[in-house]
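All remarks here apply to the structure that follows.
Naming follows writing order (A, B and C), and every chain is counted from residue 1.
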Amino acid sequence: MSPPSNIKISVAHFSVFQGKEDALRNITLDIPANRILGIIGPSGSGKTTFLRALNRLNDLAPDVHAEGQVLLDGADIYHPSFDVVSLRKRIGMLFALPVALPMSIFENVVYGPRLSGIRCRKRLSEIVERSLKSAFLWDEVKDRLQMSGLRLSGGQQQRLCLARVLAMEELEVILLDEPCSGLDPVSTAKIEEALTALKSKYTIVLVTNNTKQAARVADDTAFFLMGDLVEYGLTEKIFTVPSDNRTNEYVTGRFG
Amino acid sequence: MNVTGEKFAKFLLTAVAFSALASLLLIAVFIFKEGFPFILKVGLSDFLFSSDWNPQTGNFGIFPMIVSSLYVTLGAMLIGAPLGIAGAIFINEFLSRPAMRIIKPTIELLAGIPSVVFGFLGVMVLAPFIRTHFGGPGLSVLTAALILGIMVLPTVISISTDAISAVPNSYREGALALGATRWQSVHMVTIKAARSGIIASVILAMGRALGETMAVIMVAGNTVKIPHAVTDPVRTLTANIALEMANATGMAREALFATGIVLFVVIMILNAIALSVIKGKRNKQ
Amino acid sequence: MRLSPKITQALAVAILGSATFLTVVVLVFIIIFILGKGLPGVTWEFLSCAPKDMGKAGGILPTLVGTVLLPSMAIAIALPLGVGTAVYLTEYTRENRMTHILRFGIDCLAGIPSIIFGLFGFIFFVVMLKMGWCLLSGALTLAIMILPTIIRTSEEAIRAVPNAFREVSFSLGATRWETVLKVVLPNALPGIVTGVMLGIGRSIGETAAVIFTAGSSLRMPMAAFDSVRTMSVHFYILAREGISNENAYATAAVLVISVLMINLLSYSMMHRFIAKRSR
């Protein structure tokens, strides 16, 4: 298989420290555009820390600081002059627990666009329809867009969160942190289906505790262990003939 | 929204937050500035311990007021604290849920009754009663203590209730599992655990009683003298400030600020003690 | 003679129960007594007419207006300051020396007795700033008095907003201020309103601080620099000067009902707020 040509995010010698402890050690990894990168590893390996470093959500935690480079389309997002707010409009995130904002479904989806200054009702409606369709939620909620988002089921709320992220017109990268961990298999399948359809337009990074999900959905896979990046490459390779013994032990279920 | 907008918002909020601090400083500085020179002029011990209060002739001893405030406050706590604590224990530990849901809000609602209403009832109902059955003019230490005691009840009850309900259920269950009766688990375990909160509630209520003005003016009699019996009329520190304020000029006005300083300091100390009692418990946990 | 635990318990319950009963009875008696003696005097005339003869006859309309205007002005001043401070303490700072000092200051402010506020307001606003006895002096003094209440309840309400909401807002590209405005404050609103109601309730019943700053004019207040007499001040004067017991009772009845209604309102709002949260 020829290596992918277009690198969206390039991480170079990147470390994250929580106080004196290091949560991530010297990570170097390229994330190709328009593919799904799965990140696997046992709990506490730093997967979530890594993900949150990509949209600088770690900035919100006290005591956390980062060293190294994270290049988005060649620009270092940790450079002091980099606009964090616009970064988060280009890189969207889905969390493990679906968090619908306490507003109507419509308002949830247009939260991002409104921040960007879009006011025209017609345009907002178009955005809502497009985003909910891409998240495979439109048919289920199209008649009750004014209903509170909190009244949806877990699976529906997670798709709402996906639609919310997709509504941002500047979106280029989607980060997902164990998005299906609380969901039933049907909802999980719907989200996986959506991701597969979306990778043609976006770059997707999916952290998952479920190795089988990574095997199903991800084009490339990275294996994190205790803050180190052990190995990454094509999913097929990682799951069949990994280079590192630890990877082999993890994917065959010897530990987890 | 851009970076400068965000910076401005933060600046504005910081300014607003410090306005709260500034108003406190303003009050404190002001009162001390007006009252402290007076204390230096007249001498602290003369001010606090002389019984001669006569602004016209330049005598500013507030000892009778201090004693009166003390008596009235202590009397109020003698009534309000046991009743309040007993009420808090009963409501929390022995009342059924539906009953508690009625009684608790009722008591909290009653905390909102203005103090002047209490004072008025004291004058119309309590004072005549005391005059007939206990002697004296009716407006007295006893009347004031009774009225204040009732007024601080909601405070004692609500803060004590918070402390008692904060005791984890596992404590109670532990005692019951050892064969204790409800009452035994309450007095051997729960009350001990909630002790600091209960003490804090009493101290805070004491501060409130000390600072109460309107009700006291209406029922205490307002005579400047050291009481020898509970049926004697008295004037508290707070009443003194209120009654003299309109007509006070010059030294007399400064004397009122000095009285304010005394009150301020005492109440701050009480509040600090209450806070440290609560914090002391938190550190132990 | 040692009593069995069962008997001790029965005794304890009896004693505690009687104490509680006594407390409730006394407090309820007070309300019933006031309403009983006062309500007959609360006629439509009473509420809509001006007082005559220093309050011996006539009604309490100007005091009603004053009782509405004064707390409203106080809230208008204290609300933005209080909510702003609460936002600052929760959203813009971490716990450090500065916030400890700030909190200590707010706690101290909360403990100052109202007569000292009256003293301060009188000398500072009425005399030194030459504002005289007026609505503005009273409102400013009251605003400082209720500021700690507003700050405390707002802070609690803001802290109760789940952090997940903030994270989501940030991850969608909002700044901190936008997050506060669009997500945190709308969610904290019921709690903040409760604080406002508490502040209003306190202002309505407040006499010591008001009488020395807002004055006691019986005229209808028309401007911010007009002196005004609130219901509680009016009641106090009627009672103390012995002007009219019937009108005193009637005024007290109106006072008590207003305060009870506001407390009830804030209580039910709190409950709705808590119920919504736990859904």
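Here is the rule we go by: a residue touches a chain if its C-beta (ideal position, glycine included) is under 8 Å from a C-beta of that chain, and two chains touch if they have at least 3 such contacts.
This structure is a prediction, so every number in the text was calculated from the model and none was measured.
Asks: Using each chain's Cα centroid, which is most distant from the centroid of subunit C?
Replies: A
Asks: Compute per-chain Cα centres, compare each with the mean of all protein Cα atoms, and return the closest chain.
Replies: C
Asks: Roughly how many whole angstrom separate the Cα centroids of subunit A and subunit C?
Replies: About 49 Å, centre to centre.
Asks: Taking each chain's centre as its mean C-alpha position, how far apart are subunit A and subunit B in Å?
Replies: Whole-Å distance between the two chain centres: 56.
Asks: Just give me the whole-number Å value for how far the CA centre of subunit B lies from that of subunit C.
Replies: 17
Asks: Which residues does subunit A have that touch at least 2 chains other than itself?
Replies: If we look for residues of subunit A contacting two or more partner chains, we find 85, 115.
Asks: Check each residue of subunit B and list the ones that touch at least two other chains.
Replies: Touching at least two other chains: 1.
Asks: Which positions in subunit C are in touch with at least two other chains?
Replies: 175, 178
Asks: Within the complex, which stretch of subunit C touches subunit A?
Replies: Where subunit C meets subunit A, its residues are 94, 164-165, 167-175, 178, 182-183, 186-187, 279.
Asks: Please output the residues of subunit C touching subunit B within their complex, sorted ascending.
Replies: Touch residues, subunit C against subunit B: 5-6, 8-9, 12-13, 15-17, 19-20, 22-24, 26-28, 30-31, 33-34, 80-82, 84-85, 87-89, 92, 101-102, 105-109, 111-120, 122-124, 144, 147-148, 151, 175-178, 201-202, 204-208, 212, 232, 235-236, 239-240, 245, 248, 252, 255-256, 259-260, 262-264, 267.
Asks: Please give the residue numbers of subunit B that touch subunit C in the complex, ascending.
Replies: That would be residues 1, 5-6, 9-10, 12-14, 16-21, 23-28, 30-31, 34, 82-84, 86-87, 89-91, 94-95, 103, 105-110, 112-121, 123-125, 150, 153-154, 157, 180-184, 186-187, 207-208, 210-214, 217-218, 238, 241-242, 245-246, 253, 256-257, 260, 263-264, 267-268, 271, 275 of subunit B.
Asks: Touching subunit C in the complex: which residues of subunit A?
Replies: Counting only subunit A, the residues touching subunit C are 55, 57, 60, 62, 85-89, 92-93, 95, 97, 99, 101-102, 111-112, 115-116, 150, 161, 164-165, 168.
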